[in-house]
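There are two complexes below, and they share chain A, which is joined by chain B in the first and by chain C in the second.
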Partner chain A sequence: MHISASSRQRGALAVLAMPAVLFTAMMVVFPILYTIWLSFRTAPLGHATQFVGFANYAQLADSPQFWNSIKVSLTLYVISLAMQLTGGTYLALLLFQAKRMPAILRSILISPFMVPPVVVGMMFLIILDPSLGAANWVLSLFGIAPSAWLASPEWVIPTVALIDTWQWMPFVALIVLGGLQSLPPSVYEAAKIDGAPPRLVFWRITLPLLLPTLATAAILRTVDLLRFFDIIYVTTQGGPLNASDTLNIYGFHIGFELFQFGYASALAMTLTAMVFGVVLALNRLRRAIDW
Partner chain B sequence: MASVRMQGLKKRFGAIEVIPCLDLEILDHEFVVFVGPSGCGKSTLLRIIAGLEPITEGDLYIGNQRVNDLTPAERDIAMVFQDYALYPHMTVYQNMAFGLQMRHTPAAEIDARVQNAARLLDIGPLLKRRPRALSGGQRQRVAMGRAIVRDPKVFLFDEPLSNLDAQLRGQVRSEIKALSQRLKTTMVFVTHDQVEAMTMADRIVVLRGGVIQQVGAPEEIYGRPANRFVAGFIGSPSMNFLPVTLLKGAAHLLDGRKLNIGATLEGQAVLGIRPEHFVPAPDGSGMPVEVTLVEPLGSDTLVHFLVGDIKCIARVAPDTKPLVGERLPLAVASGKAYLFDPDSGAALPAGILP
Partner chain C sequence: MTAQYARRVLALAVSILLPISAHAASFNWQKYKGQTIEVLVDNNPIGKVIATNADAFEKLTGITLKVDIFTEQQMRQRLVTVLDANSNQIDVFMTLPSREGAQFAKAGWYTDLTPMTGDVSSSYDFNGLSPALLKAATINGKLTSIPMNIEGPVLYYRADILRKCHVAVPATLADLELAAQKIKACDPSVTPFVSRGLRDALPYTYSAFFHNMGGQYIVDGKSGLCSPQGLAALKLYGDLLRQFGPLGVVNYSFYQISSLYRDGRAAMAFESSNELSDVMQGGARLGDTGVALLPPGPGGSHPTAIDWGLAMSPYSTHKGAAWYLIQWATSPDMQAKNQLAGIAAPRASIAKDRAVQAWLKAEPVRTQWQQAVSELATTGTSDVGYPIVDNPESRQYIGDAVDNVIVGTKTPAAACGAADASLNTLIAKDGG
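Let's turn to the complex of A and B:
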């Protein structure tokens, strides 16, 4: 379509676009602004809100449970991301080498991340059930003593990370596979002529060339992982002893069980700032390593 | 530094026979150019020498060693790719050093060789840059640098100039030629551009459908083409081909006109005349042709005309300024008429009747 630069037409376009712009603003911008506004107030259920300045944020800084949640969220983030990136890359390399992938394999591969996380949580509750679940039975075959993995303060985070990895590693693998397929084939022929053994080809050529793709995958997973909620809500509710009490789980507890909306908003804003910060940093990193 | 020898070489991709059976010897220090149209097997042949394509049947020797089963690295060759194939995440320096590192060359020697090649190619100031910060011509030099530092037995070039603009192509062409005279290494160069072949080669190998049509020095390929295909492929504009009947030293064209070419043969033949071998005939002699198009090139002028329904081109001096529709009498420069067998296309040497 050809749009002439006449100001009348531009005015008309602005009018036509306005409803969409307003709708988007209401849906996206309003809740954020409202949360920011709320985070500077107390909002007891059934009473008028009251301005309290930075009191909610000060309360967060003094709360050991908040710092515990930061630690839990970051630990879960780092462990899950590491597992998903390494596992996803490995899976992608296998799929890339199996030149012709049967269509059914691709379908199987994308099925985990199409399952709703709540269902995944339920599924693993059954699999990991200390007495009835399949997990302990399989592990016992390898001589590993049965354990209540989700009820153990040491093991709960790695276990939850493993569940999330089961769901999202294939997604990372598909992204990395796309990255692998777009690498220039002649570079690999040059490496053959230069005499690089396969192991070094991976470490010196494939991996560095994949780094921007991995950074993209990391950004996509960061947003989800730092806000980790659903699987934990279904499986452990933050327990045992707050060992899996992520920021989002803790915020839900304050807001919707204790009804401290102002305090919960301050926590939500802190979490938002964290996600923003990490994503921006990763994005900068991605640009720095782009070739 | 080594010769390259192919004996009974065959290559099939599945059911498709790309190279039916090929014998060729490239001498030590020789600059050989494989030339031919797309799909003639020239790049496949180069990739076979490089070890990037397995040989279906036959033997390949580099020096005195049979290399059929050696990896590309073990063959001690270096290759400049059409798209340069530089490692995009490495600096120019690292790109050139990588092959030496893989061969466990001491760091000091790597540095000396890289610096030396950089000086030779005039890319010293670029050593710390990544490929994406280089122009096409600079990338091309880095690709050559990567080959030079290796000091290989054989250099392989796979259409390395085709991604450069016309002006740069001419410049790099002469640089590669100068480099080959300096390095004294065997070089195999693949191109579809006959000008590159003519200007750079010690010997040209003309390929068609995986079969060698002719091997020879540029002037030999141009002056004594082995068949109609080679005659038409080398030279620009292409040679004109006219079916004729030879009788008493003259070539009788299908439209009844005749050209005196002093042929000793008689019978059916295809007459080949290069555009540059048409000369304006003195009054009354020669073959008058009706000019259909005039293309002045500055240094000379291309005159298009029809013989029967066959389009022909003559290259004449720029001061001949014919007009479209004008009748221009043309003759053939003495000794410059080529005759080909009408069926096989093979060149007909004087004295042998078809």
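Let's turn to the complex of A and C:
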């Protein structure tokens, strides 16, 4: 009798939850399925779509612009992630040891990632303007030749990576700080008794113990970095000479400027697969190094 | 005899004016009172005029007007989404015939406005609209939009710097490069010449160089970007911006160019006539700037002249009310108002308007600007990029070729050779 009542209760709960579940499924599943469906079709403006098999995927495999966008995305990903993990860890160590005003320091620290990326892009567009911006003016005070920054095919990716690092390094630092605060004090006490120097403590104890935290931070940043869009859209739109044309920017350009929705959907699915693949790999790595 | 003559003149005047005033009185602006229409406009000065004067339209017609205002790219994205879904949500929209005219016409997204041009108030003067722009907006015999403005790139130059450096206003394309050289030697603190370098934006300015050099985008069904004239244009534009342009010019569009010139850091700027008010903002450039068309080249003078037009969705369920909005927004009255805000009217008659005359006379630079705009209205071509369905994509290849030359990664021949291969594919697709 009791079991039956519980089962009835579960059934009622399931019925009550059904609208929310269906709504969520529609909002998440439908766009993905629709994009997959569209990636196998051509969609001329104002006319019905037509099935083209794998033609859109074959087109991207043949496209030098697609391979350029993969190269740009991965380069930007590696440079940005390396800078953010290294800088974020260093910043977290400083904060961990800060004795004065830690709350104020943390508030200042989180301010960059509170700023919308579009505002960040606009801000740096003005600062880094080669003719009117403050960055070259500061360089000139030290007798250094002006740089084209975002307008240089060689420097655009490091510059964009720097902008993104300015915004997101504090986010990584906060995650790492949380990790540092949860490390077991007994290990450090033992190291102190053994007389281990601070550098050795960092390399042999802190860093290995922080690896799962760093892997989590890397996963969170990977999702954003591989889909890099907003700052580039505001500052360079993929230029100059496609030097900052990430896969997301390229797909957007094909879809919403040239209106080739079928091909753009194939690009979007490729990007999704790429993000899933890297995140899954990092997740497995995180599990392997967990302690 | 004199009295009889006076009576005849009076009778003639009455016979001319009576039907007009009768028609004006008979035109019923309130015919669609109570209907609601939605217009999609660009967040540029031309589109903003509709948004700021929406109340006046509602008062005149009794039609409720919903104005959706977006930046150009977002406006186009929303428009495509709505029209591709065959939705009647948008009744009227702004369009760039030189860019998407053929593409949207192929998709069937324009209502033919020809039959409606008879249903106008007497003051409308349809025939007063620029014939060249109406021709450009007529695709496969259908009038796809009504011009709201006329614009094209013009040369803003600092008369004081040219005087100081003993440089005459360039009379030919070759003079332009010589002038830039002399300015660079005379005053290194100023950028001698600036124009668009941003890939997708530069075909607007580059096309005038290309056409003045004698180039044609399509010759015998093939791309003409690499023709001898095309190569000369590519070399000149690339050299001018690489040697005499600002650092980072490959990211320059109208915003950066206007800022640089307004700030007094450029001697010559080749930018849209629409930028007059931005360039003159603050008044620093009012007294020292001259305006002219791009000087002619070996191929003559073929300035770029385009317009923003107002079009009607084929899915609109309020086409009568929608036409009233188009008629009102492109009327001589509204276009005279626009002109006072620096938006050149696509009607020659507006320059004779009393308020416009006073505005022009207030500053000599405005008179020069008006002369340049009038000239491009009569001699201009609207070919910004290739006159094909895939015009937006063709602009990308032109932009890539020019940017390669500006940055110096390719020679003009190599840059346009690569572009021509892609452009020939687009042209062939268009033919098919």
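What to note about this one:
Everything that follows uses one rule, which is that the second predicted complex is superposed on the first by the 277 of 291 C-alpha atoms of A that agree within 3 Å, B and C clash if a C-alpha of one lies under 4 Å from a C-alpha of the other, contacts with A are read in each partner's own complex, and residues count from 1 in each chain.
By definition in this document, a residue touches a chain if its C-beta (ideal position, glycine included) is under 8 Å from a C-beta of that chain, and two chains touch if they have at least 3 such contacts.
Computed from a predicted structure; not experimentally measured.
After superposition onto chain A, the modelled positions of chain B and chain C are compatible, with room for both. In the superposition on chain A, contact is made by A:184 with chain B only, not with chain C. Taking chain A as the reference, the larger set of touched residues comes from C, when chain B and chain C are compared.
Of the two partner chains, chain B is the only one that A:291 touches; chain C does not reach it.
Residue contacts after overlaying the shared chain place A:205 against chain B, while chain C stays out of touching range. After overlaying the two complexes on the shared chain, residue contacts for A:256 are found with chain C alone; chain B is out of touch.
In the superposition on chain A, contact is made by A:195 with chain B only, not with chain C. When the two structures are aligned on the shared chain, A:18 is found in touch with neither chain B nor chain C. In the superposed model, A:33 lies in contact with neither chain B nor chain C.
Vertex at the C-alpha centre of chain A, arms toward the centres of chain B and chain C: the angle is 160 degrees, rounded to a multiple of 10. Applying the stated contact rule after C-alpha superposition, one finds that A:150 touches chain C and leaves chain B untouched.
In the superposed model, A:241 makes contact with chain C only, not with chain B. With chain A used as the common frame, chain B approaches chain C to a shortest CA-CA distance of 50 Å. Looking at the complex, you find that chain A touches chain B at residues 184, 186-187, 189-197, 200, 204-205, 208-209, 211, 291. Chain B makes touch with chain A in their complex at residues 50-52, 71-74, 77-79, 81-83, 85-89, 98-99, 102-103, 130-132, 146. Contact residues of chain A toward chain C in the complex are 44-47, 129-132, 136, 146, 148-153, 235-237, 239-242, 256-259.
For chain C in complex with chain A, the touching residues are 73, 76-77, 80, 83-84, 103-104, 106-109, 191, 197-200, 246-251, 256, 259-260, 263, 265, 390, 392-393, 396, 400, 403-404, 407, 409.
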